[in-house]
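Take a look at the structure set out below.
As written, the chains take the letters A, B and C, and residue 1 is the first residue of each chain.
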Amino acid sequence: MKREHPSGAGTKTGTHRRMKQETVLRTSGLGKRFGARWAARDINLEVHRGDVFCFLGPNGAGKSTTIRMILTLLLPTTGSIEIFGKDLHAERSDVLSRVCGIVEKPDFYLYLTAYKNLEIFGSLTRRISSDEIMEALDIVGLKSRAFDKVKTFSHGMKQRLGIAQALLTTPEMIILDEPTAGLDPQGMKEVRELITMLSQEKGMTVFLSTHLLSEVELVATRMAVINHGEMIAQGSVAELLEQEQAEYSLRVSPLKTAVKLMNGLSWVVLRPDEKGATRVRIDSGRASELIRFLVMHDIEVFSFYPHRTLEDFFLKITEGISEI
Amino acid sequence: MLFLFTAGVVHAQENAARYLDTYVKKYVGLKDYSADVLIHYDITALKAPDRRAKVYYKSPDKVKFAAKGIFFFPKQGGYFNPAQFNTDNFEIKIIDHVIWNDRKAVRLQLLPKDITKSNQRFILTIDMGWHLIQAFETVTSEGRKIKAIIVYEKFGEFDLPTHIELQLEDPPAESGETKELIPFGQHTKQISGKVFITYANYKVNTGLKDEFFAEPNPELSQ
Amino acid sequence: MNLFQIEVYKTFSRWRTYIAFGFLALIVILTEVVMKLSAREILERMMRSMQKDFLIFGNVLNGWFITAFIMNSLHLHIPFLITLVAGDIVSSEATSGTVRLLLVRPPSRSAVITAKYLATLFYTAAVVIFLGIMCIMLGLILFGSGDLIMNYATQFRIVFIPETEIPLRMFLAFTAAIWSMAVVASIAFLFSTLAENSIGPIIGTMAVVIVFFVIGNFPFDFFRALTPYLFTTHMNIWQRFLDTPIPWRQIMVSAAILALHCIVLFAIALIVYRRKDIKS
């Protein structure tokens, strides 16, 4: 039972990519059972070239299990995986030479330097020159730490080193499992920027898992949703996150005047907020109309953003499924 | 009767001492010698290739070996030392007369007079015509039996050994002794087997100095 | 760098690798210095039985003898040093999480595990060669050269090896020692592929080696009947190259049995690892 949006690519993908619709990753009936428990079941993913594809689900939903199967760390109990049109298990070496994956956090050899780690992991794919290693380290801002041992690195630096490792092998697809997990806001921002850069500047297809809905909205073009080991939706971010009514957080001044003005609007439902802000529930299409209305009445609008929780989203998706 | 018996015993002992004395006196002129030695071991417990050495002897009891590398040489009966059987040191008895290599020989038993120095007993087979020790047996203080057969050749005025065959025999196991069920194999066996020693290139009475024997054993150049 | 070079580089980049080398250096230096100081006592003890019947000339307590003596004393302990690396080489990747980066690269698991096994054997060889070089070099410096007298006390046998034959015999003996230590390394390696931490494989291997040694040395008929089938029985294969004549048939049998152990243990490790789910 899942909702499929066949339109595929989202708004952030170029037109030519939408036209091509080349599937770089396809799983069919993929499942993994540990003992009597199915950690993932009947996963049918379809990732197109150029996608920033988010695999969304709460902790324990089966995201990591699926990614581990895609990266050959786990042997599937059922189903098959095709990458670049080739069967993963039949042509593993060829396929994985075009893919880079980081599962959970990138753990490097702590007793070796960043440079040596990159040299080792890079040379597992192809011959790597010293210049290429230094360039990759430069891109992720670790050039000055190239010859420091990784045991001296922070978690964020290790994440960036992981991405440097991905850059080094110039893969066509990069697979990241919760790349921002455990990072501080600054670290999360840096990693997201790197992901965007990999997609937009390097032209890589990015497949990443996350339990953060906001992350999906910030970086993804397409997404799939998994819960309790089963995939419940797949499609473009624009379509899946589109809702008839949405809740927005609003920071305005003066607040009292704004609240009074909005109370006069029949299409706005106000929700209390104790932090000097307010929340409104409106039709998704009328967000810009509300902002315009407030500005025209001399209300200063500092921020206006959709406020959604993963739970809300799942509820919505589930409702959608039951309606279908 | 007692007198006669005693006189008979003394006479026999005098005869026995005479055989040995003749042998010792035969080599009074042998002050020193040196010779090349080739030793071959046929001993289960000692796996060694043939070894070469040079032996230096000076009467009455100085001996020295020069060998290349490590050299094992039998303690008993391996080298020729006629002064070893000085009649003053032993009680000597005739055991019997025998034929040895188609020649008449006498077998003597030698018991040390001073057992505080040694309680080692010898049985010598002496050729009665040539006055040479053709064979001897000895039993060491630990009950170890060693037999030797000696072949001589003439070098100048002296008959000197060219081959000595030594047989080392294990003492018989005591009743009740077990050699198998000793944990972790710390057996207390002894060596048994044969050693063949060949002597050649004798140089006799070259005037070896006492100081030479005080120096450490030299390495033998090959 | 190819996979094997990578594994060797990683192995020799970790300080724990050098525990074995440090320990061996310390033991060899201590032993040789103590032996130098107590040379007379050692000689008397060693040659007690021979000295009853033979005069012994020459440098018995020489560098070659010291080497054989230390090898004889240490060949039961080296296995424990081998396990420090062999038991850790696969499992440490799981412990540190690097396995998740390593096994998502193009080289197959078979290639990875084979490279690791070869690196383990390389380390094993390095430890034994290091021991040999330490013993021989220091031994020859402190005690000089000479013929080798091997005193097989338990069999009451003394074997005399001329100096000219010793270098070749020692080379063969140390090669055989590497061969036998490879079995211990293979056991630890197999355990390492099964485990997610390093302590288990190290302790497990030690337990196996100790139990086999104990069984092989019990003076009871039941255990004696088992002795030919225990790999520990064949681990003293190196000593046979210091025997006269060299018992080639026994050596071949022992070498074949040890090789069979290595092959079977590695094959199991390979099969297990190819199908193993990486959950760490």
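By definition in this document, a residue touches a chain if its C-beta (ideal position, glycine included) is under 8 Å from a C-beta of that chain, and two chains touch if they have at least 3 such contacts.
All figures in this text were calculated on a predicted structure; none of them were measured in a lab.
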| item | value |
| --- | --- |
| For chain B, the least number of touch steps when starting out from chain A | 2 |
| Centrality ranking, top chain (CA atoms only) | C |
| Centre distance in Å when chain A and chain B are each reduced to the mean of their C-alpha atoms | 99 |
| Rounded Å distance, chain A centre to chain C centre (Cα mean) | 52 |
| Chain centre separation in whole Å, for chain C relative to chain B (CA means) | 47 |
| Chain C to chain A touching residues, read off their complex | 1-3, 6, 9-10, 13-15, 96-98, 100-108, 275, 277-279 |
| Chain A - residues contacting chain C, complex | 68, 71-75, 92-94, 96-97, 99-112, 116, 119-121, 123-125, 162, 165 |
| Complex interface listing, chain B residues touching chain C | 44-49, 53, 65, 67, 69-76, 78, 140, 142, 144, 146, 168, 181-187, 189-191, 217 |
| Chain C to chain B touching residues, read off their complex | 49-50, 52-60, 146-147, 149, 153-160, 162-163, 217, 219, 243-245 |
